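By written order: A, B and C. Residues from 1 in each chain.
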């Protein structure tokens, strides 16, 4: 009688899962890099004074936030090759994650920027600073630190979304555990291990974000 | 019907901070007591403990001879237990910041407890509620929501709400401190009238010195967690014995 | 235009399944969120601990992993559930866990003076929560609750990976049949967007209904 959970087997597959974990972490890191950069650009575009820039941006952000990430991943995976762009599944996945979470980050940046008191901008104007200098030197350094914890939370959320990449054949943790399962007919161990790994890592990351929040207090925390 | 209060060696600390350092006090039924003193002296904490909102760190509180937190066998009871609720039913409180229920009308606020705690029917509770709202001068505001009332009106609802449960002891925690000056007099008059009826034991924490002298039988001066002076009101305000009392009263007069 | 219309019948069938799952999971998630949120604040450890574990596990792990785990592992414990049921229950549990934190935050947000006034009037704990605290907490739960509902809608797409024929599944089928990838996915994205807008409108209606005067 095979036991429900075979510990020996679990230990056996750990290294294989470890390789997949590396892919998962890669996807998360690169995806987040894209998200925080693109998110900032989107946030600034949304605040543009020309409606022809701000309105479509707002619509885009709303659209991306309200539709399933899985469908967006499929969209890029199947539609991009048609337009001639050839990317590996992993790259496509990172792009999809990055764009999806850029929309979330854009809203976070927006909240941070709007929380900077108007007086700051007025003072900069009175000192004859250009719009660019005001934005980069005065507003952003005050807008960003308070929202870093929120960005950190999205990092954790993106990490938990990486299994979606299994749908486009990226061999991250979930895909790897499915492969183990279909090869050995033992799904319990790989899936449970993956579940526990996610739980452990996201708890650690959440703890890290909280420490970060406390550490950033001196730059002006939540208002 | 009013109740007596007995406090024996009451201590209260929050972590490292000792807020009450051994209070001994005996208040006979029907007396009106004013409590004055600087901020942080423990006056409000004492009231909160009498209202069962906080438990003593050590010491005892007796209402009409009955221990607030211990049953006959001396076992400590929980806040939601029949024993504590039985004691609490004799005590009512009016708050500095009103604490009215924003999702209920003035009448709704007043009948909430008579209906759901005392078990009165809606008709009887409404009858009683309207009586008390009339008494505090809000006969035309039964259906107003707290957001539509002025500070003075809100506090009147607060008083009516507490009275509607017919408490034997009434606690008033700086009930005029959050009001605009022109609204204070109205509230003080209501309290003075209540006190004159002698239907309840009343304890009021207040910064209104002249009012305290006029409306109370006895005054306690609190400082740093202790009762520094305890005397008949006219005596404490006219001829304070303790130096600290004198200093405090002097500084208050200068502020006014 | 003709072209697009020909794609619709199959996709709408999928949309119907998606809507069914969303509604069923949402209905299940609300009581879960209330129980877990209130449970987490209980002083009895045998109530607060299970609630905390439930919330942390379902918030801390990936929704897709949860779906797969329950789909593959549950039968081994002798529990046979249809894929549809697994989808609904897991998504409800996921949303309920996030909802529990919203409930907790909203209840903590009710001013402590409200509780004190209710205690002063000698109300029981149960009465205080039901008649004083919750009515004031609910309006604060609606905006974040609405966001959780939209996340739930988005998560339904994941059930396509455990063979449920929802909108995303239909899209994949149609894609391999007709190879009209771009058209299909644009329509699908628009359909999801439309449902999301409906949810947002619905939440806004609820916000107006539950306004504290």
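We take it that contacts are C-beta pairs under 8 Å (C-beta built on N, C-alpha and C of every residue); 3 or more make two chains touch, one makes a residue touch a chain.
As the structure is a computational prediction, the values presented were derived from the model and not from experiment.
Novice: Could you classify the connectivity of these chains, where an edge means two chains touch, as line, ring, star, complete or other?
Specialist: line
Novice: Point out which chain occupies the most central position, where each centre is the mean of Cα atoms.
Specialist: C
Novice: Between chain A and chain C, what distance separates the C-alpha centroids? Give it in angstrom.
Specialist: 21
Novice: Can you work out the whole-Å distance between the CA centroids of chain A and chain B?
Specialist: Taking the average C-alpha coordinate of chain A and of chain B, the gap between them is 54 Å.
Novice: Let me have the rounded angstrom distance from the C-alpha centre of chain B over to the C-alpha centre of chain C, please.
Specialist: 46
Novice: Note the residues in chain C that touch 2 or more other chains, in rising order.
Specialist: none
Novice: What part of chain B is in contact with chain C in the complex they form?
Specialist: Those residues of chain B that touch chain C are 51-53, 79-80, 85, 88-89, 91-93, 95, 97, 99-103, 112-113, 116-117, 145-148, 161-162, 165.
Novice: Once bound in the complex, which stretches of chain A touch chain C?
Specialist: Chain A residues touching chain C: 4, 63, 65-72, 74-75, 78-79, 82, 160-164, 166-167, 173-174, 177-178, 181, 187-188, 191-192, 194-195, 198-199, 202-203, 206.
Novice: Under the definition above, what is the set of chain C residues touching chain B in their complex?
Specialist: Interface residues on the chain C side: 111, 113-114, 116-125, 127, 131-132, 135-136, 212-213.
Novice: Using the touch rule from the top, collect the residues of chain C that touch chain A in their complex.
Specialist: Interface residues on the chain C side: 56-57, 60-66, 68-69, 72-73, 76-77, 150, 153-158, 160-161, 168, 171-172, 175, 181-182, 185, 188-189, 192-193, 196-197.
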